[in-house]
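Below, chain A partners chain B and then partners chain C, in two separate complexes.
Let's turn to the complex of A and B:
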């Protein structure tokens, strides 16, 4: 038994080494750096300042602004994607010839690189080449996401909905297909209307899947970067500068690595808290639905 | 009754066609822009294209540096996939067949890795990789991508290796196979289809990655996604070429889609939802 334990650890060693060096070390390093004032061009080098970076962060109105934009983005996109995705998934429970092809079409955006999604939408919305400005101009709307802040924000919302609604749809559909048959047949025999079946059968059964979906979507939209970076780079002004974009911009432009690290650590902290909170909510709701 | 059925079917197809158009139109638009010369593009948006302007593909890929970026991307994605699959097979076998402390937290580790914003990690990575001179190297990115691909691969493979009966291992052991021999002769042949899908997904994740690649490379190991992001400049963008490079960037996804489509939901939801 002893020797087999050694063998197991032998098989694991390379993996653990790599995860240690690229996972744990950078994490500890960024936490360590966040406690210093570390300006690369300063003669002082690194100066220990304790939690000063975090105190500064709390009063950083730019950062708080980016948080607000990020949260607004998360709320709008997630709500719309959930409802749209659910509607399309329910619609797809109908059997028809060509359903497989349609599902492949829906799966396509999921495999495309986020940066390509960004460039696709640049080509859609740019005043020089895009059909959107051209069409909107015909109905009298001056559409230019390089100038108009509201339109820019609205466009990244649309882009995310376009990109990820198929994911929600396919996942919910997979959940629905996995349902047991009997309760649905019983409901039909008892003469339940479609709406009743949906309200009292489909939705409660689907709740765990919906919650998991919501969890994944919230975390993903909160850390969104590539697409928005490609499409607007956070502009015009700060209209689409969500959290990740703000952090990357700061790191690229500022020379204070200590403050950059502080922001990175805070972002990680926020992510972990959100993750923990959402997972707890999910398990509570799951328990309640099971009891009912 | 029959009439009602037919109306319903017509409605279903109508909605399907509409959704297909919405989903595919932006991609279609990119493809037709990539076939247009500058003159045609500035003539205004036209919905169809009859001629092909291959220069958009030819110039960036064969005359400019984008061909090199493409090769870099291929090297990095393939290298990372090879490394991850090799390590993941060993690690998963260990997790699956032996009782090891911490295997329960594997799932949480995978989830946190997936949920953590990459933006929070670029600074420490940049500083560390500069120090150990891995910046702007293929090896650097190949190693770096392990951070999210390796836990993912282990998580995905574990489900597949768990279902292979232990008796097979025991038979192999009686026949005098070492652990490596068992993995090679017993596990690999059985797990081959699942392994292929895992490898394709990892390959696509590496290929698609942008943020780390843009920070960690400057010239030698620049990838195609980073190259694509550099198209939009203040002095003006060559839209046709940008669209063409985007199409090239998109191709692997389309090629692999047929294979991974059935597993893509399981993969993206970490097995929470099976299809």
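Let's turn to the complex of A and C:
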């Protein structure tokens, strides 16, 4: 081995060691635990059950319910955030009075910690003192997220959109401002309308950024926890019990370490599959964009 | 002039007599803690008035006196358990003293997670306060003993969850007349649930009629462990469903297997609980135990069941409460026959809540922690803590002048605690109570949200409890 290779390995070793201990070891431990029936308050201790936890998972209606809520949440928030983010980003390419202020205000939710976002929404939606129920009541809407499951679900959706659309907007805006000028000038000379420019130039050029953004948002929304935990704790009933909340309740409250580990491993598998699919799509699109 | 000098001399003499007595005590603590000076001990507890009092007063004075640094984390209830359980089960030894609520003690004892304090007292007498006096603790300490009578926790808070009502409203002549006209009996604290319901209906309607923010009922109905606790600790026992509806001999909850969880009366009680939410404020489904007390302090509630550790601030702290001096305390209403059943020791009418400080088996500074626990629970400070946090764990505290003076300000609560405390009980001896609570929470909160019918929920709950108990090896 050449000295430069030794040097490279030497430099990598500390990082690899850290990754091994904080990434690989816990993961392997979770995989190991997932093969056992293990509740810390069980009189039986750890009982090896092989893949029984994974079999149980497939027939667990509570887990499936949480998964369904999680997936619905991901689909709605990601679609809305993408459309809204793109619309605002395109709007921000125009010059108008107060643009700087608008951009600053838009980015404000990004500076706030998720748990604080949850607290803010707790106060805004509180049926006794919150401004939202009060204002909605003025127009005849009885808004109470402690009672109405649908309202609670759409409130967490709106909260996530409010929190993360600025992130999508700013990223897409960065992508747009990085476009080459020539094709747009040529399109203008050829008499292309704004809509045609958007459809045949902006969107194709922006597709890799949109897909990357979508990839990040899907991962983020699928594992959402803090805001929802703070606002509804998964309620009313189980209306907003997303998968992360379900896993936390199972492991930390029910102390069912074996089954909870099985669930975590399965969710990791699901995430990896989704990532793999999206990454493949992104690479294909990038290749096609380059070829064009 | 001569008389003044005599008085002054007498005062100085008395002071001189007092100083050595105090100095000897302080000296004892300093001597006992000498070996651990500079050591830092860490503790974790729930964010309750007693814990905050310990953090703000006991810990600071202990540090000053002994040189042992105390880092006392006061956090949310579930976070506290998560941290304690993770620390002890992994043996990391982060915490040297922890709050052990009465209901979790059985689980900790079964797992051998706590240090035997009786053993410390015997093996290390030099570290045991000569004035500790275990016999001075109320019977509440019995919950923290094992079968051999060994102590595993020193109580620092004990209080009831009981009935409170707005005295000013109950004594208002206009209200009394209107109530009598409607229900035909004089307004007073209810004896049974029918009376409670009538009062709840009346005050909620009264609030609407007068266009004031007033409701006849309150509950801790958020999707949170508190909603399950409210059912198993307060509502069901007062309807005669004890021990979470579980038969402790057969370890089963369904009626078919010997339990009472899905019995006719348990269903009746649960239906009542759900139905009563309409008489509570609109935000009741977002309330935990904290909001329940807060809304009483805000003057919006005419009657309800609350944890009485909140009573001192509701009755006396004008910066937090708008109903200071206006709250009355009484025993909770019960199902017919339950009160006499409890009086005969065959049941209980509500929850005797509280907790103790224990030393995790994983702690590496047990001796320093033991000293601090004794300091935080010592006799001479108990009245002060009772004043700050409304809890009494020592018999001698009841007789102290401070508590005697405080009792009328708290509507005679300490008399109820002393004389009627035996009607209440701590949690059932369920070592698996954490995972059990999660199942109760699931079904109770589903019903509160209207996802399932109360009867169906109770049947499903009982079946799931049986299933869990089998899975856990019971």
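Rule of thumb we're sticking to: the second predicted complex is superposed on the first by the 266 of 292 C-alpha atoms of A that agree within 3 Å, B and C clash if a C-alpha of one lies under 4 Å from a C-alpha of the other, contacts with A are read in each partner's own complex, and residues count from 1 in each chain.
The rule we apply is simple: a residue touches a chain if its C-beta (ideal position, glycine included) is under 8 Å from a C-beta of that chain, and two chains touch if they have at least 3 such contacts.
Since the structure is predicted, the reported quantities are computational estimates derived from the model, not experimental observations.
In the superposition on chain A, A:73 makes contact with neither chain B nor chain C. Look at A:63: by the touch rule set out above, it reaches neither chain B nor chain C. By the touch criterion defined above, A:146 reaches chain C but does not reach chain B.
Note on chain A: of its two partners chain C and chain B, the one contacting more of its residues is B.
Of the two partner chains placed around the shared chain by superposition, chain C is the only one that A:253 touches, whereas chain B remains out of contact.
Within the superposed three-chain model, A:128 lies in touch with chain B and with chain C [touch as defined at top]. In the superposition on chain A, A:239 makes contact with chain C only, while chain B stays out of contact range.
Using the contact criterion defined above for the overlaid structures, shared-chain residue A:36 touches neither chain B nor chain C, since it reaches no partner. The interface of chain A with chain B overlaps its interface with chain C at residues 122, 126, 128-129.
Contacts from chain A toward chain B in the complex involve residues 4-5, 7-9, 11-12, 14-15, 18-19, 21-23, 25-27, 29-30, 33, 88, 91, 94, 96, 98, 102-116, 118-124, 126, 128-131, 134, 162, 166-167, 170-171, 174-175, 177-178, 209, 212-213, 216, 219, 222-223, 225-226, 229-230, 243-245, 247-248, 251, 257, 260-261, 264-265, 267-268, 271-272, 275. The touching residues of chain A, when paired with chain C in their complex, are 37, 39-44, 62, 122, 126-129, 133, 144-147, 149, 232-239, 249-250, 252-256. For chain C in complex with chain A, the residues that touch the partner chain are 78, 82, 85, 89, 107, 110-111, 221-225, 281-286, 295, 300, 431-432, 434-435, 437-439, 442, 445-451, 471-474.
Note for the complex: chain B touches chain A at residues 8-9, 12-13, 15-16, 19-20, 22-24, 26-27, 29-30, 33, 41-42, 44-45, 47, 87-88, 90-91, 93-95, 97-98, 100, 111-125, 127-128, 143-144, 146-147, 150-151, 154, 179, 204, 207-208, 210-211, 225, 228-229, 231-232, 237, 239, 242-243, 246, 249-250, 253-254, 256-258, 260-261, 264-265, 268-269, 272-275.
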